[in-house]
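One chain, subunit A, links the two complexes that follow: it is found with subunit B in the first and with subunit C in the second.
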Partner chain A sequence: MQSEQTVRFLKKGAIWAFIVLELVFFSVAGHFLSLSEGAFMDLDNMLLLLKQSAPIGIIALGMTVIMINGNIDLSVGAIFAFSAVILLDSMTWAVFAGLGDWVIPVSWGLALLTGTILGAINGLIVWKTGVDAFIVTLGAMLGYRGLVFMYNGEQPTSELNWTLVDFAEAQFLGLHTATWFLLGCTLVLWLLMTRTVHGRNAYAIGDNREAAVNAGIRVGPHMMKNFMLIGFLSALSAVVFYSESGSVNPNDGSLYELWAITAVVLGGTKLAGGSGSVISTLGGVIAIQLLRKGLGYIGSDTETVNLVIGLILIAVLYLDRQLNRKGKEELRI
Partner chain B sequence: MTEGTPALRLSGIVKTFPGVRALDDVSFDVMPGEVHALLGENGAGKSTLMKVLAGIHQPNEGDIFIEEQKVVMRSPLDAKAKGVVLIHQELSLAEELSAAENIYLGELPTKSFGRVDWATLHEKSGAILERLKCSFGPRTIVGDLSIANMQMVEIARALTVDAKAVIFDEPTASLTDAEKVVLFDIIRDLKARGVGIVYISHRMDEIFTISDRISVLRDGSYRGTLMTAVTNEEEVTKLMIGRSLDLTRNVQPAEMGDVAIAVQGLSCGKMFQDISFEVRTGEVLGFYGLVGAGRTEIAETLFGLRTPSAGQILIDGEVVKINSPMDAIRMGISLVPESRKEQGLVLGMNCKDNMTLPQVGDLTAGPFVSDGAEIAIFDQYRDKLAIKTPGWREKVGNLSGGNQQKIVIGKWLSMRPRVLIVDEPTRGIDVGSKSEIHALIRDLAKQGYAVIVISSEMPEVLQVSDRIVAMFHGRLMRIFSSQEVTEDSLVQAISGLNTDRVA
Partner chain C sequence: MATITRSTITNVLAKQGILIAFVLFIIGFGLANSRFLAVDNVLGVIRSSAILGVIALGVTFVVISGNLDLSVGSMMSFSTIVVLDLHDKLGPLMAIPAMFALTMCLGAFIGFLVGYLKLNSLIVTLGMLSAIHGLTLTWSGGKNMDIADKQGTWFGIFGRGDVLGIPVPILFFALLAIVLSILLARTPFGRKVYAVGGNGTAATFSGIPRARIVFLSYVISSFCVACAGLLQASRSLGSQNTVGQGLELEVLAAVILGGASLLGGAGTVFKTVIGVLILGFIQNGLLLVGLAFYVQYVVTWVIIILAVWLDIAAKRGRFLSPIA
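And now, the complex of A and B:
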């Protein structure tokens, strides 16, 4: 029993220990290698890091729910891009011309609605056809990206609204708007997954779908709600990001699905479903962003960053497997 | 039987896992041409011993001898090369491949450049299948075979080498009676060829049919060996559980109330046809029949998992439509499914969450689940059913089979159902906990539940039921009262021998 608790603690705390390790490493290494003046753990630098974590972070939180539920969503990057297009383009629509700055909440609402609807389509197909979510969302990833290109061709969609930029760049209690959104989503989803019936059912379905059906849980509608949730969050991520940048390229958000999944897996959520934690995913998101920033800080280029993150991901999963294996003699492959 | 050289001998085997001493100084041997049965409750160490024998686990202490030559078996393949083969309980076949490929899996005969030598492969495996009197050829895709024939392929694997000892782990678990007969013929044939056979099973009748000696394990240690010819079930059971167990049948008539659920002319495609019965409150109705007789399918239909093709279901005299488990639960029907781990429990969740799973939606305070309300329910049913668990936080996967089953039963009782359907209530549960579950079922009926028990074990059906439904090939053959039923008449009815129906 004792060792089991130790293992559980190690698994839960691992991602945070890893973050501390990164901080120490980059501070020390930066001291010798960095060309820049400031210390790595400078407050402004850390605040910026949180802000930059937000777009993928918000999506990764939704991905955690989806993966605990035993599914996966590969279309988040495309939903992100399409919602962004709707956000920026709708601000220029003639119907809204008389609204002034009130166009902002209207466009936000439209973008969020778009994401939710796209998610609902994924969920409905998964529910009604019984096709694996991997396949359905793989198709959706291509399809939704197609919609983005159909909308405006290869051209970027741009609209800079200065009120919006001011809002997006604002800092409240030191934290940026985007960071507040990230933390807010984390809190809400954490409550959803740990305190509500919906969260309980999500774990049950992910762990043993048949038993969940036998307990009278309606699995199809439940999964559809989760796909709507991640669609909404992908759109929210777009809203947070493009309110500031004001211009979306049709290829924006590519590979976001993989970064989100990477963060979720680093946080200890299982691909097979049934276990995982929203808070640990936040840790995973921060760890990746720290790694990107830290490697940049000590002078590595982007290619190296991807290589290192890839290696660390595999190393982490190997360690996780070792921890899970402890006490059981599994067959060696 | 102890003279001569044992085919396989273990001496002083100790195997520990972190925190558990799974095997403690166990010695065991099997002579050539002998069937040596290995018995023990779940958790007694049978499967660990078997894995040590087959090279899956390495013992911490003790030695293994093959024909008195000391050996170390590093892996199942190594063990096989040395002449010890394990026939798994759960078939480990590649279903997409042919029988021949499965038989020589990992050791396919090859020509130059690693090309498979198909001619040799089919010839060799064909010969083995013929020796086993199999009705299928080496090119048959394994996935298309019946479970029994898959087991033949598994056995055929053992014959590719000059096996000195073959270990059968619960080989009859999913076989029909006819298939069992074939299996026993093969075992006798192997025996005649001088192969030593270790036979692991829960089923007493089989062990007494096939074995020469019976060894018993309890709590990881060796409890003795009995000669099958001169012992009896009682003696073996006593050795297994450390006390005697009374196998009585239920004779006291229940105090029955109104009809809780009635089924009229219910059919579901080829699964079952024209089934009619009723269950009263306070009554236990047993369903007995062979695997595949349609009993589980009836239960699944009542629980809304299958749609009937004809007939009707009446609850309290009113015709109802049950389209989903949700409907069934709302109407007070609950199902304790056949396989606890796959269908009944969420193993990664704790005891409390499992118990409240179907009703957690009603246990909320505002938007959140109320821990207090859940714990109250858990505590109530833990005490009521005497569930042994360190606490509600314990993962359900860590409990013993008997206690897991009680969690599933508690899950439904806490919903206050009218009809409780229990499919194979004691499958995979050790002998001691079995009688506890049986007493619980009787007690539930006394409390006024209408209980349906499906079982493949005759003593179990006889012990708990007030009336017994005998099924054969999707048809209801006869309903017996517990006073009139005899083992013979029951066996006849489920084999399709007795066709006069009495409702």
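And now, the complex of A and C:
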């Protein structure tokens, strides 16, 4: 019993232990290697880190729900870009010319609606055709990206609204706007996954779809709702990010799906579905961002970041398997 | 007595649907635009599909064995950069085998992780996508790689040369497709790849060395990636570090379009070639009609989902999914 608890504790707390390890390592290593004067664990530095985690983080939270559900979504990067284009372009539409700064909530609403609709299309196809979510969203990744290009050609879409920029750059109680969105989303999704019927059903379907169907859960509509959720969150991520930057290239957001999945897996959510936690994903997101920043801080280049993250991902997978095997005494073939 | 019944028709449609669609597509576009089927246009399309195609041939083995390979794009960037760099340091004759050896080491590493350690292939290759990209950047120092003497080298023949009027990349693609097709369809190894992908446990109990088959499928995939890197490097004689970025998912789209199942156990090299050609001809056809390159993304989206949907629908005998 004792060892079983240890294993469970190790699996749950692993990502946070890893974050602490990173902090200690970079603080000590930075003391000897860093060229900059400031300490690594400087408050401003950490606040900035949270802010920079937000765009991928918000998407990764949605990806957690999708993966607990036993699906995957590869189209989030394209949805992100399309929502961003709608956000920035709609602010210049003649219809809204008379609104003044009230155009901001309208544009936000439109962008979020766009993301939700694109997610709903994915969900509807998965539900009605029975094609695997991997293939559906792989296709959508190309298709939605094509729509982004068709909307505005190969030109970037730009619109700087200073009220919006001020809002996006504001700090409330020390935290940036983007950080608040990230933390807010984490809280809401945590409540959704642990305190509601929808959340329990998501775990049930991911664990054993057949059994869930037999238990009377309507699997199709349930999965569609989750795809709408991740579409909404991808759009929200775009809203948070582009309110500040004000310009979107048609290629923006490519590879976001892979970063989001990496964060989710680092957080310990299984690809097979049925287990995982939103909070751990937040840990995964922070761990990756910490690694990027830390390696930069001790003077490594981007190449090392990619190398290290890739190898850590594989190591996590290996360790996770070893821990699981001890727990279950699985049949070794 | 072969009587044509409704079920045989459905069967033929389900089995050869993608080929029929391809022929109809070619005829349709051929009638719409006379230049579409001109010899030089057809050769041009196949030539520009060759790099994607060569990779797709290898990924077909991985997918049939029931795994995924998301690292091929980043691996192709690696082999392209490495062969260009070694070209100036060792000379082309030594650079090519050295690059093949290095690339296949990466493939063997992935094969070891997925085959012998039985780790999830999606995550392993996702990690390797990132790791190999890092390796490439470390090798090149983040700079573009160029051959110093572009006029004086014979290295360009793989990507730019012609034999009897046929571009070398096409010959390369065709030769590799034939060899791998024989390997997959006519040898015991090929049958084992299907067995492992179809039902891994059953294959193990039948005495098939599952781990070794998976391992070898990744080595084959990395060999094909090295070939593609050679073609790419030879065609451009210089390259960015991100030359293969995003290729992994396009390759997968071509393989799926050809009818390989992501669950493993189904697909052929020939069908993958058809999948690659469909993507190439769609792109070309839309360009000839005067549409921008990005319209093909949307068309590809619709075609992939329709193709897989019809395939599934034929197998389960009803159009809509039975999920409530």
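Criterion: the second predicted complex is superposed on the first by the 326 of 333 C-alpha atoms of A that agree within 3 Å, B and C clash if a C-alpha of one lies under 4 Å from a C-alpha of the other, contacts with A are read in each partner's own complex, and residues count from 1 in each chain.
Heads up, the rule we're going with is that contacts are C-beta pairs under 8 Å (C-beta built on N, C-alpha and C of every residue); 3 or more make two chains touch, one makes a residue touch a chain.
Bear in mind that the values here come from a model prediction, so they are computed numbers and not experimental data.
*Asks:* Determine, for the superposed model, which of the two partners subunit B and subunit C contacts more residues of subunit A.
*Replies:* When the residues of subunit A touched by each partner are counted, C comes out ahead.
*Asks:* Applying the touch criterion given at the start, work out whether A:Ala204 contacts subunit B, subunit C, both or neither, answering first, second, both or neither.
*Replies:* first
*Asks:* With both complexes superposed on chain A, which partner does A:Ile298 reach: first (subunit B), second (subunit C), both or neither?
*Replies:* In the superposition, A:Ile298 contacts neither subunit B nor subunit C.
*Asks:* With the two complexes superposed on chain A, say which partner A:Tyr318 touches: subunit B (first), subunit C (second), both, or neither.
*Replies:* The answer is second: A:Tyr318 touches subunit C but not subunit B.
*Asks:* Is A:Thr196 contacted by the first partner subunit B, the second partner subunit C, both or neither?
*Replies:* A:Thr196 contacts subunit B only, not subunit C.
*Asks:* Examine A:Asn214 and indicate which partner it touches, taking first as subunit B and second as subunit C; both and neither are also allowed.
*Replies:* Touch status of A:Asn214: first partner only.
*Asks:* Tell me the contact category for A:Leu258 with respect to subunit B and subunit C: first, second, both or neither.
*Replies:* second
*Asks:* Scan A:Met46 for contacts with subunit B and subunit C and give back first, second, both or neither.
*Replies:* In the superposition, A:Met46 contacts neither subunit B nor subunit C.
*Asks:* Both subunit B and subunit C touch subunit A; at which residues?
*Replies:* On subunit A, the residues that contact subunit B in one structure and subunit C in the other are 213, 218.
*Asks:* In the complex of these two chains, what residues of subunit A are touching subunit B?
*Replies:* For this pair, the touching residues of subunit A are 1, 3, 191, 195-197, 200-201, 203-204, 207-208, 210-218, 274-275, 326-329, 331.
*Asks:* Can you name the residues of subunit A that touch subunit C in the complex?
*Replies:* 74, 125, 127-132, 134-136, 138-147, 149-150, 153, 213, 218-220, 250, 254-255, 258, 261-262, 265, 271, 301-314, 317-318, 321, 333
*Asks:* Give every residue of subunit B touching subunit A within the complex, in rising order.
*Replies:* 17-19, 56-57, 303, 305, 324-326, 328-329, 335, 337, 342-349, 353, 357-358, 360-361, 364, 367-369, 390, 411
*Asks:* Can you name the residues of subunit C that touch subunit A in the complex?
*Replies:* So the residues of subunit C touching subunit A come out as 70, 113, 117-120, 122-124, 126-138, 142, 201, 204, 210, 245-246, 249-250, 252-253, 256, 262, 292, 294-302, 304-305, 308-309, 312-313, 316, 320-324.
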